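The two complexes that follow have chain A in common; it is paired with chain B in the first and with chain C in the second.
Entry: the complex of A and B
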């Protein structure tokens, strides 16, 4: 559980860094599962030097320990503290990151209440790929004002393009945007609000990250609309990531996980909600092809 | 002068760092004048606590060049860009720090609008006394939320949860080299961490001419607060030196500043 002060810090700054949550042994288990899955991706199977972000769902039998983190008491107790136990755990992904990430929030609709719990598997600082965040940018007026800041974005991944872009030399480079670097060691967690502006700089290839996503139960009409929009965006993004990693589309949710063999009531509640929202529907491939 | 984007950055984040605003020859003079002020400064007026700070006015006869920067178009012009043609230069001060940190704070309360240019006279970074700021914290909504975060130096909690130390608060470091200027809104939360026992900083201070009723009341309250503490030698509020008030070169810009300071009660009385 978070302390009252940690909850205040999260809601004030839009993120919080928690030290030494996972043990060395647990990080090793995640790495072992990561190695196996990475080897099955297009990059893992390729002899070329090509680098590209590889990302996959960990909610399946290939990654039992990583998968279990979404329901791990240490993780859900954090979310319990922040969202009063009224939320849904919808995703646990592993990513082999490459290069830098442009500034963006994960949600641009301020009625969208959700958070990510990030676990990095290597030590990182502001200059080698740690998460950079703009504290307080999950709320207005700062959130919207940042959209007017012209930024230099030579590379777009097609998923995160929200900032004003000026690539003629006048836009701010990633490192020129005022920010706080979340320096981190394996075992630490970064918890951040979807709406927070974030980026990364100078990271090496194959930076390893596990991210867990939790969505707060929507109460108002505006919040419900925001969640519905996020479902579509989530399915599209996951489909694009799956195609990049494996060359084909596939469900993010393995049938074994959805079967909930241990009859975990928390998971069942999440599954029922996700089914209602359409998370389990396969994204239309033709739409993705047309985007490419 | 600032570009449109730099102005937007300042108003969005509450600060901006400008590189190479003072030339080397100018820096040399500023350093010499700082030395003179430091030598004259009464050590009994040390502001103790975490900062271990000595502070004095640059509007004295020993620092004519530093005083002139307040009216220099490079700085005054930027102040006009940010706060309007009728912006007012209200002070220039030198600061010597020998402490381990400056606790987090904004410089003024709500509705007082203005900013400082700060020039650090040595290279500083996040771990050696550079200004640390919370971007966007000049906005009242964010500032009010920060006040609820327990800060160890400001409002310590019980031993088991004393609050955040200065270096535990999320920040952006305004790393700077001699000649660079850090501009920050008075309302922006700032602090500093570590650094040498001989950290030197010179500031130029500007206020927006108040327009709204709230701004007018805040400006009067600030003037009242300064007057009440004028005789307290352990604050940074100083009398305006007669030398500066006499405006020997008949600078129209300074004359306007002085007129405004008198009208709003920042100057206690007309010097003899």
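Entry: the complex of A and C
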């Protein structure tokens, strides 16, 4: 459970670092499962240098330990503290990251309440790929005002640039945007609000992380609209990543996990909600876009 | 002189950095003048314990012609004209030398104080890093409501400048976010001589790290032209001395400098 001060910290700055949550042995188990899965991706099977991010769902029998993290009491207690047990755990993905990630929030609609719990598998600092965040940027006016900051290459969400683009190439580079880097060691967790502006710079072409996503139960009409928008956008992004990693689409959720063999009521609640939102359908972005 | 991007940067984050605004040759002259001022030690010693070697010189800019030139230099004056608007006023200067750590605070606390823009301009004499005395700021914290949520950081600052006498019985209040001041999320203005930072005095800022005895910086303070009674009251609340500018500035040959101070006595006399 988080302390009252940690909860205040999260709500004020939009993120929190939690040290030494997972043990060395647990990190090693995650890495072992990661190695097997990475080897099965297109890049893993290729001899060429890795230039693209590989990402996959870990909710299945081939990643038993990683899969268990989404419901691990240490993780769940964090989210319980922040969202009063009124939320859905919707994914536990592993990623092998490459290169930099330009500045963006995962949710631009401030009625979208959700968070990510990140577990990196190697030590990271500001020079080798640690997550950079602008503290407090999950809320307005800071959140929206950042859009007027001219950046060198702001992230494109597939529809538009998220921040202002300087046409002369003079915008701020990633490292020039005032922020703090979340320096971590394996076993630490970074928990951040979807709406927080973040980026990363530097690091190897196999920067490993596990990312767990939790969405707070929407109560108001605005929150429900925001969640529905976010669900649609994330389905598209996940479909693109699945095709990039494996060359084909498929359900992100293994039938064994969805079967919920232990009849866990919390997991069942999550599954029922995700089914309603269409998470278990195979989403083909190219078909949808060609129809439009 | 400032780009649209720089103006947006200041409005959004509450500060603006001009990297290498002054050349090494210029900095050598500025540093020489500053060292003369510290050598005279016209200021008062501040702090206690490890801060006992610190010196703060008042009228740092007003009393040395080389440093006075900074106040009207296009790179400073011109930038301020864009950030504060025309008719901005002079609010004093200081020259800090020595080990001075400062817990999180904003310079002008109080209800609505952040609605009236006052700025500080720092030139550091030595290179600084996050762990060796760089100014740390919380970007965007000059604006409401973020500003108000951080006011609890002032609890520790109000105890003492370096928290040395922090009330251990009130630990929760002094660590409102559960972490030490050095671990509060922030941006560190790591700098080299020649860099200049302009910051809104209501932005939350601090200094931590291993500070050497040689840590030195020059600071100039400015405020937007006061246009309503509340602005005058805000100035009086924290910096009543603004209304008694140094005669060196009142009698300056520079129209820019005189323009920043000539109405101040009259403004203050009405309150």
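By our rule, the second predicted complex is superposed on the first by the 274 of 292 C-alpha atoms of A that agree within 3 Å, B and C clash if a C-alpha of one lies under 4 Å from a C-alpha of the other, contacts with A are read in each partner's own complex, and residues count from 1 in each chain.
Note that a residue touches a chain if its C-beta (ideal position, glycine included) is under 8 Å from a C-beta of that chain, and two chains touch if they have at least 3 such contacts.
None of these values were measured; they are calculated from a predicted model.
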After aligning the two structures on chain A, examine chain B and chain C and state clash or fit. clash
Kindly classify A:9 by the partners it touches after superposition: chain B alone (first), chain C alone (second), both, or neither? both
Would you check which partner chain A:173 touches, where first means chain B only, second means chain C only, and both and neither mean what they say? neither
Which of the two partners, first being chain B and second being chain C, lies in contact with A:219: first, second, both, or neither? neither
Touch check for A:275: first (chain B), second (chain C), both, or neither? neither
Using the touch definition from the top, say if A:149 reaches chain B (first), chain C (second), both or neither. both
So in the superposed three-chain picture, is A:136 touching just chain B, just chain C, both, or none of them (first/second/both/neither)? both
Please identify the positions on chain A that touch both chain B and chain C, taking each partner from its own complex. 3, 5, 8-9, 12-13, 15, 133-137, 139, 141-142, 145-146, 148-150, 166, 170, 172, 178-180
Can you tell me which positions in chain B touch chain A when the two form their complex? 3, 5, 8-9, 11-13, 15, 133-137, 139, 141-142, 145-146, 148-150, 157, 161, 163-164, 170-172
Show which residues of chain A lie in contact with chain C when the two form their complex. 3, 5-6, 8-9, 12-13, 15, 133-137, 139, 141-142, 145-146, 148-150, 164, 166, 170-172, 178-180
Listed in rising order, the residues of chain C that touch chain A in the complex are 3-5, 8-9, 11-13, 15, 137-141, 143, 145-146, 149-150, 172, 175-179, 185-187
Touching residues of chain A toward chain B in the complex: what are they? 3, 5, 8-9, 11-13, 15, 133-137, 139-142, 145-146, 148-150, 166, 170, 172, 178-180
